[in-house]
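Worksheet: one structure, shown below.
Chain naming follows the written order as A, B, C and D, and within any one chain the residues start at number 1.
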Amino acid sequence: MSVDVAWAIEWVRRSAQTVAEHRDELVELDRQIGDGDHGENLDRGFRAVVTKLDALEEQPAQIGDVLKLVATTLMSTVGGAAGPLYGTAYLRAAKATAAAELDSAGVVALIEAALDGIVARGKATTGEKTMVDAWSPAAEAAVAAADGGGSPADVLAAAAQAAARGAESTIPIAATKGRASYLGERSVGHLDPGARSTQLLLAEAAAAAGA
Amino acid sequence: MVDVKKLINDPRTVVAESLEGFAAAHADLVEVHADPAYVTRAGGAVNGKVGLVSGGGSGHEPLHGGFVGVGMLDAAVPGAVFTSPTPDQIAPALQAADGGKGVLAIVKNYTGDVLNFETAAELADAEGVTVRTVVTNDDVAVEDSLYTAGRRGVAGTVCVEKIAGAAAERGDDLDAVVAIAERVNASVRSMGVALTACTVPHAGKPSFDLPEDEIEIGIGIHGEPGRRRIPLASADEITEMLLTPVADDLGLAGGEQVLLFVNGMGGTPASELYVVYRRARALLEARGVQVTRSLVGNYVTSLEMQGASVTVLRLDDELTQLWDAPVHTAALRW
Amino acid sequence: MVDVKKLINDPRTVVAESLEGFAAAHADLVEVHADPAYVTRAGGAVNGKVGLVSGGGSGHEPLHGGFVGVGMLDAAVPGAVFTSPTPDQIAPALQAADGGKGVLAIVKNYTGDVLNFETAAELADAEGVTVRTVVTNDDVAVEDSLYTAGRRGVAGTVCVEKIAGAAAERGDDLDAVVAIAERVNASVRSMGVALTACTVPHAGKPSFDLPEDEIEIGIGIHGEPGRRRIPLASADEITEMLLTPVADDLGLAGGEQVLLFVNGMGGTPASELYVVYRRARALLEARGVQVTRSLVGNYVTSLEMQGASVTVLRLDDELTQLWDAPVHTAALRW
Amino acid sequence: MSVDVAWAIEWVRRSAQTVAEHRDELVELDRQIGDGDHGENLDRGFRAVVTKLDALEEQPAQIGDVLKLVATTLMSTVGGAAGPLYGTAYLRAAKATAAAELDSAGVVALIEAALDGIVARGKATTGEKTMVDAWSPAAEAAVAAADGGGSPADVLAAAAQAAARGAESTIPIAATKGRASYLGERSVGHLDPGARSTQLLLAEAAAAAGA
């Protein structure tokens, strides 16, 4: 399957689905080291995205158009830290994907733009127990897969797998950014909810591409 | 739709319905805008006055909507429960508060609040509203270090809103109001304790699990666990654990004057807050510090959490005068 | 000494220590006498004004001490938690409140309160103080019949204290103040719900056992169980169960004006009280009744109980004016 | 043992003891159908009584002196309904016992005076689920025992036994006086705390007389 506008729409619908399915898990992860709203907030946001998608009169011409709709909707419905962070991620990704279809380099650009957006807003680096710990290895893996000649779907699959490992890697970390940092050492031993939601979203990006 | 033991109809509508009730009960004071949700003074912006806006997650009532009115805020922006509001709510509130002299946004230091207000300020700026932001961070439970997102903004925010509100009301310009707000923030410290967790409606279960004989010291106001968990202790002991770091961090010296503010987290009886106040005051007096102003009650809450926080604000003549200046809001009035 | 999860030092000292804190925090408003314990206005009795005294068990704060001040009570008498005070506390309070024009004692209808105030009035009378008593009984959950000790006095008592206080302040004589107090009591009805029980410090366990999915309708304010236990319902449904008997008992007709007072039992977040207010107001408006005054908050509490009561007071021009008259107490101020 | 001032003092000390021992039971009974303070209130009151008794410089001359001390102390320390009710009971009993020693008729007078005081203040009759349901049969049994030629100790023993039966009799009653009346039918099946404390106090009156 090619990574085109239909893929983008499929990715978004699948994202809404997986967030709804994992709503309670994300709430519970956030309850452990945060304030227990991450699943609720993302679920509210992606429901709104789907509503807007359903209301579209015609299919967008470019992938960036879909991602921009996601960005603005998340920004205005999610709130909390995740709202602006994901909002900016999708906004930057949208700017990088003004095309009807993406080749492998284009997929890399999408993921790198998203990561840059998150870092620009949240000022976190890897190892601080945030979603950056999932996005950053995902971007690296995407680069490697593209360099190795992988297809767009291969690139997404590599990114998704790296995000999963990245999410896992947050468990032993003591948070130094975001709400979990208030817990200091007490945040050790818990999976970061934002890293987990990143893992879920990137898994659907790959699945939507048939990978 | 109710599967959690609360006086609500549906976790998804509780904030909107509560705002409807608030609007109807205080129609003389406030106007509540729905979709996007924000609260303004009944008359709207005051021409020629610096506007004051604050906001944050819901569940901390009366903060912030209860502080909208003469002498305090011009607008407040309530997010979902414990979730900072979104830029598309905040931006129109900033615009609505502008009386032509610019707007001060008072933001509690949380990543979400800071980011959403940041974006909103850009949006409002694009509409020609000058926005300055003061981020409150009075919670000494959290170190302001490389290893945290910085100290949190908690109950001391009320002091910033009241005093900056009075400064704006007396006609200070934006720079001066910002300076006063920053001065109050620099002079106020807080620390809190939880005896029980609270239950966020959409989560349906307590925000953390706490055994019957343990308490959380150094909590925030979003139902997060505290810095450490200790065995249940007496009110006097607990108060000392809260007051000492607050007073130490302020570096209070004998002869200084302070405002002592004992804040309930929502589910603690007033009688217990006064037991805490009694001890906190005695400890301050033992340091030679004079308590010249007091506030005791539920002002910055975490839903129905049982617990309290102790806030101390270092006073000088100007801050005392501004604290005493008239205020007429749903939750604070004199 | 603390084996119950509360911000207290010792169940035996909590009332006294809380009063000490209250006295220190509000020294501009009140004076607190220890042993026997009672609260008076800071300046003492007002010469030439009818004195107003109320009292009852502790644990209902801010009732009654929080209502001592200009425009409301002259003295308040706190008993042990949920236990009416003793005559040797009440009698000196009655004396202290006498400005030479006699004293009105406002007593909530409970056997203990009535008996202790009765004896105290005799003692005060022996000291030359003219005492008249108005017993409040606004709780429609209890039938006023041969089969009960009569309807209880609950949140409506605040309305009696505020309005009779304003009448005394404007110079009414004792007969007139008594008449106003009786008129308010005859015009006010309340009913309450509990979502959770409260824990009396000396008892150390909840005042009743309530499963997670059940609530008590028709509760009093002493942690007693209610008239009936029902499955958890939505805020709108519960509000209707409270408002309907209140409005029916008052026999409210279209076109009438009322004060709507939603009172928190101590452990319910303000946001939920506004959800209840919203529905209660809609129900009144559906009957053609106009809500012209409102009060929402924790005023007559049962420690940290979660729940609320709905109170409606039928207004006329005079009662509205007296309600609006200035009041300056720790808990009510305008 | 004769029913004299020493007996009265012994009765009061034993009363304090039994109330302390049964404090939690009385709290629990009151928690079921009232507000859970009866045991705490009586315990506080009788502790104060003993403190006052200990502080006496010399032994009172008359039984009435002892009972008056109990009356005024309970009145000023117990509060609630029980404070004035027991206070008046002991006050009336004191007036009826201005003597150094009581014969059987004197004991009857003591108990009847106490009952009269409670009824005068509380306006309850038997069958309303109050302490009257214990005091009233106690008074009747006392009369019968005295009429039958019983000793003062016999009279006290008869009164105590009747009070115990009277207390039990409150269980099936739906309260129509006091706080329990607010519960209506829900008060059925519970022992009235005031009747139970009456039973305890009268048992010690008998025990103090060696009965």
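The rule is short, and it goes like this: a contact is a pair of C-beta atoms (placed from the backbone, for glycine too) under 8 Å apart; a residue touches a chain by one contact, two chains touch by 3 or more.
Everything numeric here is computed off the predicted structure, so don't read it as measured data.
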Notebook entry, point to check: Listed by label, which chains are in contact with chain C and with chain D?
Noted result: none
Margin query: For chain A versus chain D, what separation do you get between their C-alpha means, in angstrom?
Written below: 75
Check: Roughly how many whole angstrom separate the Cα centroids of chain B and chain C?
Finding: 29
Next item on the list: Express in whole angstrom the distance between the two chain centres, defined as the mean CA positions of chain A and chain B.
Entry: 32
Next item on the list: Measure off the straight-line distance from the CA centroid of chain A to the CA centroid of chain C, and report it in whole Å.
Entry: 54
Next item on the list: Please list all residues of chain B that touch 2 or more other chains.
Entry: none
Notebook entry, point to check: In chain D, which residues are in touch with two or more of the other chains?
Noted result: none
Next item on the list: Examine which chains touch each other and state the graph shape they make (line, ring, star, complete, other).
Entry: line
Check: What does chain B use to touch chain A in their complex?
Finding: 36, 57, 79-88, 110-112, 115-116, 118-119, 141-142, 146-149, 152, 200, 202-203, 205, 207-208, 220, 222-225, 227-228
Next item on the list: Mind listing the chain B positions that touch chain C in their complex?
Entry: 1-3, 5-10, 14-15, 17-22, 24-26, 58-59, 61-62, 66, 193, 195-196, 212-213, 215, 232-236, 238, 266-279, 281, 291, 294, 296, 298, 301, 303-304, 306-308, 333-334
Next item on the list: Note which residues of chain A are touching chain B in the complex, please.
Entry: 27, 31, 33-37, 40-41, 44, 75-85, 121-122, 174, 176-179, 181-184, 186
